[in-house]
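I have placed the structure first, in the form of structure tokens, so that the comments after it can refer back to it.
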Amino acid sequence: TAKVRIGVLKFGTVSWALDTLKQHKFDAANGIDLEIIYFAGEDATNVAMLAGAIDMIVTDWLWVSRQRSEGSDVTLAPYSTAVGAIMVKQESPIRTIADLKGKKIGVAGGPLDKSWLLIQALARRDHGLDLPATSDIVFGAPPLISEKAIQGELDAVLNFWHFCARLEANGFRRLVGAEDAARALGASGAVSALGYVFHDKWANENPDAVRGFLKASAQARDLLTRSDDEWLRLAPIVRAEGEELAKLRDRYREGIPRRPVAEEAADAGRLYHVLAEIGGEKLVGSAPEMAPGTFWQELLK
Amino acid sequence: MTTPDTGDRMRGAAADMSGQPSPATALIPVLTVALSLFGLCLLWAFAANAWQSRAFPGPGKVWQVLLREAASGDLFYHLGATLSRVAAAYVVAMVIGSVIGVLLGSYRGADRFFSPWVILFLNIPALVVIVLAYIWFGLNEAAAIGAVAVNKIPNVVVTMREGARALDPSYAEMAAVYRFGPLDRIRHVLLPQLQPYLAAASRSGIALIWKIVLVVELLGRSNGVGVQIYVNFQLFDVAAILAYTLAFVAVMLVIELLLVQPVEQHATRWRRRPA
Amino acid sequence: MTTPDTGDRMRGAAADMSGQPSPATALIPVLTVALSLFGLCLLWAFAANAWQSRAFPGPGKVWQVLLREAASGDLFYHLGATLSRVAAAYVVAMVIGSVIGVLLGSYRGADRFFSPWVILFLNIPALVVIVLAYIWFGLNEAAAIGAVAVNKIPNVVVTMREGARALDPSYAEMAAVYRFGPLDRIRHVLLPQLQPYLAAASRSGIALIWKIVLVVELLGRSNGVGVQIYVNFQLFDVAAILAYTLAFVAVMLVIELLLVQPVEQHATRWRRRPA
Amino acid sequence: MQPVGAVVPLRVDIAEKIFRSAQGVSVTALKDLSFEVRQGEFACLLGPSGCGKTTTLRILLGLDKQFSGSFQLPEGGSNRIAAVFQEPTLLPWRTVEQNVRLALPKSLRTKDLDGLFDILGLAGMRSLYPAELSLGLARRAALARAFATEPAVLFLDEPFVSLDGRTAERLRHLLLTVWSERPTTALMVTHNLSEALMLSDRIIVLAPRPAHVLGLFDVPLPRQYRSPQVMSDLLRSFHQKFPGVT
Amino acid sequence: MQPVGAVVPLRVDIAEKIFRSAQGVSVTALKDLSFEVRQGEFACLLGPSGCGKTTTLRILLGLDKQFSGSFQLPEGGSNRIAAVFQEPTLLPWRTVEQNVRLALPKSLRTKDLDGLFDILGLAGMRSLYPAELSLGLARRAALARAFATEPAVLFLDEPFVSLDGRTAERLRHLLLTVWSERPTTALMVTHNLSEALMLSDRIIVLAPRPAHVLGLFDVPLPRQYRSPQVMSDLLRSFHQKFPGVT
């Protein structure tokens, strides 16, 4: 059996699927031995992979493209299309993007967050609105931003999808999702924001490991799509129950990628232009195009 | 020129200066600490009541979490991992930092040359050092502890350098005349003069190290209080964060009260107590 | 018993002790600093060459990024924001911390009571304080600066407390006999004795504050070096991280060399230089 | 109990003063020590080394409050106290001149000190820091500080040791000038009997530790009459009264 | 240049010693200071306060190397140097006994010190810290330290000030005992002429700052013959030779 070491966030969304995978021994069934190494932050997994301590992490395609264009050989296999959304309170008077003008918006993930850039682009194109200039933008840590939204200090928040799902269960509604923005800006369907990321070199040396892992993870996701009971089992590590758990489950299921990888890759290439335009060199580096090979070549065949 | 008796009369305040300290006197420190902690809890409970918020649980709530984590064994596992990292990094940082600091404080030329380096290392963010250490030396304990030590060493250097600069040369001269050996010089001449600086560097040092260990754990370890705190931050479970924090603080408090303070009192018993 | 002349003969080493320091002598500090920085760059370039890695760019690469960021104006904008936060938090922390520290060091009873509190506040992770501050006081500058100050104050307290404990009572007694006013006591008796402790607390203080400011900015501000560093960390652009770090270090270095060291030399010119 | 308008003397009435050393040794420094110094009088404390003289001065200066008994300082005049400690106790981070001026009350801060510094042989040393002085010079700086304040009560703890004979002689005269210029009560500790006989109105002889008064020796003669001949007579009668002391 | 086996004296030849004060004042402390002390001799340095005596000792002790000129220490014997500084310079964080023992070479560390402490009147003070001593007691502790080391060369900077007459007398005798027990070269600074006449073989009289030798005064008489009568003759002849000194 081939060994696969994957680094994930403890209690992060990826660990739910991996827990199911382990629980039902899908790894052994597919001829691999999966070792899950937990970290406290997403950055920790990046560092760990650079340090060679693990084979695989979960991150987004833009990061992969940038690393590739700078000479690295990381590549990505799609994992989830779930992305962030702008959330407002149920009773909030904000109805469209245009209403965000002059409001206080909390943004998780910093000024170069992909969802934030897409929504900015959309606001500019459809409403001629330059959000950073016309609204009061506060960047901050995701949990803090969520808490502030509940407190009412912020009029609207853009947060990662699972924070949004929890907010939804707590009296918030979605104003606009990043996937809507992506579609409006030229994507033909949902593009995977996150994927399993690994080195080409490692994949070439261990092709069975990669394939086995992807198959096992697909089985786990199938189970999560089918079985509500499985979610009840996961409740302690999801750290949610009732309404909140249901919302998280539904959003998770919606985020499972269903399109051929080639289509996603083409859409990602298109979005890259939009992002490069608004995020500038800071975001994408000097590469004018999404780096070839960002999506694992094997999947495109 | 004399004034009527407006009396500059003074009375001594000697009560019972003689005799052994009574058992009641010996109890005072223990009682003070108990009172102090009790006061703190009271204040906390009061504040938590006033600003009721999920972000600021009261002592009762935190205590429950603490018990739960202790019962599951998680608390001791993570606390143990963190404590051993803190201890290792502390020893490394204090030894290396003190030696460098005293040397820089003693040799003006060396100090002039290296002082920009000290400023540089003092101000490099922990993040940078930790990431570089992990990348170069791998994701292992040695890299983690080394990174913490490198972060802390410049602080120790800066404090001990001031201590070395403030040394009274007459003691060193006396030691030179009477041909004290190098060990005697360090033990009987140098260290007692540096004691307040060592105490300051140690106390704020261990606190700083623990804070950096949290970051180190966050960036590349799978166990330890840092991981727990950050994970609970993602879930915004402030009670759990406080529970882990307080567990560490409790350990520090016990060390301080049972070890550091008695040692310190013994080391400074020669000081003339201000009347 | 006499031995043949193995000569305990000594010669004095007086060169030109008299006369004004020549212009060449005045240049020495400047040259030393230049040499020191040059040595550092050399070492860095060498190391970057040896461990070639994207995580450790050489000085040339970082210099380019620095120029680019400076040209776009971003550097000054973020650096300015960070520096003003650092300065504000520094002043608040030093003043409050020194006062508390000196009081605790002077009054044994108060110290006994509050020392557990100091240990507690010393060891509360920055994250907790910052999050609580943002939650209570909103995502604003005051909360940010306050949170940093609260993080730093216990460190200042601990250092200044040692300083106050090490005060020589005979100077205070002299001042009491000659009825020095409170201001004179602080200025001429207290502060000169506390100077090395103040210097230690300041230097490591400003470094610590800057590091906490980075975290504060990361957790809830929209500008500042902390935000830049974090964004670049997400992109894994180490050159940019180093560029911002070094810009801050350069500012600190200039302050140190042009302001702190001359002031310090003036304040300690009374010390007998070890021969 | 004092009649209104009466001149209040320096009155010392210390029942006991016990030190506890850090290692737990109890040292009884003073026991039933009581004496009086009339206002305007110059008294000397004479006693063996380690008997408790400095301890007595510290209590009178209010620097040590852990004793049983009481004392009373003289009233009247500027009410200012000056002290020359047994060690110079100059602020090391202030120059000689700054050390002297800092001890002056605000009203005297800008006083002309040239004459004083001249007599003390400190004229060229005003800008030196204490670490740059010889011990004798440092003692003189401490004397300058005490004299400059124009005190009503003056405590001196062996002010003239570590000085050569000529300098010491000059300074003794200076002390007498300062003391006689205004009504000053002075209490001086010394080991030098002839110094005591030359300067004081009354010598208070102390027993070895624990200190208590062995006896008083009054010198009722005006100072200008204390010629070498008279001094040696005084010496003889002192030795008669206190055989074995000094 | 020394013939083999010759007895090497303490030879001082300092051309100049200039201090620069922090405020930029230049102080010439020594200028053309040269004298010799034969091995086994006891010499006294006598000079006005602030003339440069302590500076000379510091140079000889190797504590100050910023001077022009040269000096040579006596050879032979244990080659150990002991010094009594002008201020006691005890380590404040060690007890009296620890202070003394720390200064001893390893071979003498466990030496019996009871007799020494007894003579010095420190018997009950061995466990006290320096801050708990009176100044006179601290000086005696510093003397104990110097005497206990059994030195070949002994430098003393006004060792007997701040002591009462009787104690000082006792300690002078102790000093003579220590000095005569083994071949010890001693150089003592003092302001007390009769002390110098009683103890020394040779008095080196210094001029005011910058210090240089004014003249030498030899006392070729064995110490047991120095009766009060002889002493006053010596005093007279000293005053004749050096009018105006002391």
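The first chain written gets the first letter, and so on, giving A, B, C, D and E; residue counts start at 1 in each chain.
One rule holds in what follows: a contact is a pair of C-beta atoms (placed from the backbone, for glycine too) under 8 Å apart; a residue touches a chain by one contact, two chains touch by 3 or more.
Treat the numbers as computed from the prediction; the structure is a model and nothing was measured.
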item: Each chain counted as touching chain A and chain B at once; value: C
item: Contact-graph separation of chain B and chain E, given in steps at minimum; value: 1
item: Interface residue identity across copies chain D, chain E - same or different by half; value: same
item: Two chains joined by the most C-beta pairs in contact, as defined above; value: B-C
item: Whole-Å gap between the CA centroids of chain B and chain C; value: 18
item: Centre-of-Cα separation between chain C and chain A, whole angstrom; value: 41
item: Chain D and chain E, separation of their C-alpha mean positions in angstrom; value: 28
item: Intercentroid distance (Cα basis), chain E paired with chain C, Å; value: 46
item: Interface hub residues of chain E, defined as touching at least two other chains; value: 22, 62-63, 87, 129, 132
item: Sequence positions of chain C contacting 2 or more other chains; value: 55, 131, 135, 233, 269-272, 275
item: Per-residue overlap in chain A, given as positions that touch at least 2 other chains; value: 43, 50, 141, 147
item: Touch list for chain E against partner chain D, complex; value: 19, 21-23, 25, 27, 47-50, 53-54, 86-87, 95, 121, 124, 127-129, 132-137, 140, 158, 161-168, 191, 193, 244, 246
item: Chain C residues touching chain B - in the complex, by the definition given at the top; value: 29, 32-33, 35-37, 39-40, 51, 53, 55-56, 106, 109, 112-117, 119-120, 122-128, 131-132, 135-136, 154-155, 158-159, 161-163, 165-167, 169, 172, 196-197, 199-200, 203-204, 207-208, 210-211, 214, 229, 233, 238, 241-242, 245, 248-249, 252-253, 256-257, 261, 268, 271-272, 274-275
item: Contact set on chain C toward chain A in their complex; value: 54-55, 131, 134-135, 138-139, 218-222, 227, 230-231, 233-236
item: Chain B - residues contacting chain E, complex; value: 170-171, 173-174, 176-181, 184, 188-189, 192, 267, 269-272
item: Residue numbers on chain E that touch chain B, as the complex places them; value: 61-63, 80-83, 85, 87, 89, 91-94, 98, 102-103, 105-106, 129-132, 145, 149
